[in-house]
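A, B and C label the chains in the order they appear, each numbered from 1.
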């Protein structure tokens, strides 16, 4: 993206934010304010976070390099695709029942799908992508198709391998289990928002001897994935995937911004804990 | 043009939906409800038609090729049967549709859900090994929580249920909150990248 | 990797243990946990004729776990002559909710339209939750069986959340979060939850902050509630099966570690 376009977007964004916070006039009809004062702390923290992220993205122009530590789950993507190719078996990749296209977790999963699709195109390995959401199906078809085109093998793309199953949680889970049991994939990717179907799929993948790479934003299902899968992306490792796999400086810089924000939050928690220990009647940190 | 228009729509709507959160005004609420409910329902309905038609086509193709014949027949049968029952008898209580839902769909869903019990057993057998000190701590914690939730726990020791709740309310909650903070920050950064057009994977995989 | 034979042994063992626990009809008493006691005490102290809202926000797959919880709470509410406005924000929960309400109402001689009403399903759950803060009859102009809301006797004393003392959401997912986040802060509506065991920990932060009043969770929660109510139900009848399954898993974990250490010492010697 040209630098000027990004700058215009950032400036537009900041102006709209500043403009909205200035709109505190009452509506003559209902008496309701444009700005809800109860959300002020959230707005302040949001603006600080956005400024840090934007600054990190902008500072990459000055030539700063950002390095992301090795993430075993993402490093294993190439190994997983290679294994499937050697064994002549397909790969099953599914985004879980819990999310729809609006969720950042689903977007993060599609980022990894793009990278996996390029590799499967290159190695001529079948990629099966069952999903519970028809919107995700439509987007995934475009993502995979583009991956195959980028890899230089558009003829290898089969749109029938990316399909919608059912919007029912366990109908979807049973179908994915059936696909895994019959097609016996060498590698299984469980990346997205999962609910109760997570362990059902993970155990089925384990029982057929597939290498499994999983990642989710649900803390409950993470525990199941850690037990049942070979590699698990924990917490924001899933969101760092896009930068990790593409090595795009703009994306890597936003990952760095996440780390800065985490340090700030940790400092805030330490200060609040010490303050609460010394003066238990105080409550300045809560709202 | 092919990418600029979607990126512009993404930027404008991303900002609007972000700003409406901070407003209690009826206009802001109306915008939120219109976009997230009305428009989303329409988009979902049309993509559902595409998804179901696609699934039917793939299943018919498999039937034609003689692959997974029994499963394909069941899938197509269910796909046709439920709408037909709904059209004939409606969807109210005591209708044929509801009979099929309560006596076929609900038990099948509960059956697949109950597979979790078996899989938890096999995962526990495989996963809870004292391979290292952290793994041993995890193992002992799991045993305390498992025993503490039994009705027999009070008979063994009155401190077991208390220990269970303490583990749930303090160390477990602390770890979960830490992961949630990381996930929240990752979600925010990803959303910001999408709104600003830096992240374009959803848009033809760029 | 455990072999197929080992898996079959594990699965068969669990099946046998659970089946035996049902056949042997062992009885167990579960001491009530603080959350269940808090839920019970709240409904117990409500004056007669208080109106509560009950929302069935779960799928059919969660019915074996949610049904004992909902039956226990509904029985308690009807026993104390509370009036119930029922609805569902999940399509699959609609018929289930209607049936459960009718079942418990029939047991205690309650009359539809006067003591309880079921409004049915609303697909746009956020809009529905927010809309009911202004007018419930606008969101549900008719009830589930087609009666106009403004002709139902119970609904004549209900306008919005101001007339509802508490909302009880029976859920197996995140629908309860919408009640907490939209009905709570905007309209000051108190929310209680009946959840599957797997979802309890997800709502701990809301309990800690007071946004969620209390939770009755899982079969154990249902059993505890039934004991407080003094009426045995599916919760208590399922406790032996759940207990035996827990003990089986504990035995598997211990057995797995014995095998692991035995193999390790053999490799060490070899």
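Descriptive notes on the structure:
Throughout what follows, a contact is a pair of C-beta atoms (placed from the backbone, for glycine too) under 8 Å apart; a residue touches a chain by one contact, two chains touch by 3 or more.
For clarity, every value in this text was computed on a predicted model and none was experimentally measured.
Taken pairwise by the contact criterion, the protein chains are fully connected, each one touching every other. Chain B has its Cα centroid nearest to the centroid of all protein Cα atoms in the structure.
Chains joined by the most contact pairs: A-B.
Taking each chain's centre as the mean of its C-alpha atoms, chain A lies 14 Å from chain B. Rounded to whole angstrom units, the spacing between the C-alpha centres of chain A and chain C is 31. For the pair chain B and chain C, the distance between mean C-alpha positions equals 19 Å. Residue positions 7, 59, 61, 201 of chain C each touch two or more of the other chains. The set of chain A residues that touch two or more partner chains comprises 168-170, 196, 206, 219. Touching of two or more other chains is recorded for residues 24, 105, 109, 112-113, 120, 122, 124, 126, 176 of chain B.
Looking at the complex, you find that chain A touches chain C at residues 38, 168-170, 195-196, 206-207, 209, 219-220.
The touching residues of chain B, when paired with chain C in their complex, are 24, 29, 32-33, 36-38, 41, 92-93, 98, 101-102, 105-106, 109-110, 112-114, 117-118, 120-122, 124-126, 128-131, 139, 142-143, 146-147, 149-152, 154, 161, 165, 168-169, 172-173, 176-177. Residue ranges of chain B in contact with chain A, taken from their complex: 11, 15, 18-19, 21-28, 43-44, 47-48, 50-52, 54-55, 58, 61, 68, 71, 105, 108-109, 112-113, 115-116, 119-120, 122-124, 126-127, 176, 179-183, 185-199, 201-206.
Taken in their complex, chain C has these residues touching chain B: 2, 6-7, 10-11, 13-15, 18, 28-31, 33-34, 59-64, 92, 95-96, 98-99, 123-124, 126-127, 130, 144-145, 186, 201, 204-205, 208, 220, 223, 239, 243, 245-250, 252-253, 255-257, 260-261.
Within the complex formed with chain A, the chain C residues making contact are 1, 4, 7, 59, 61, 172-173, 185, 198-199, 201-202.
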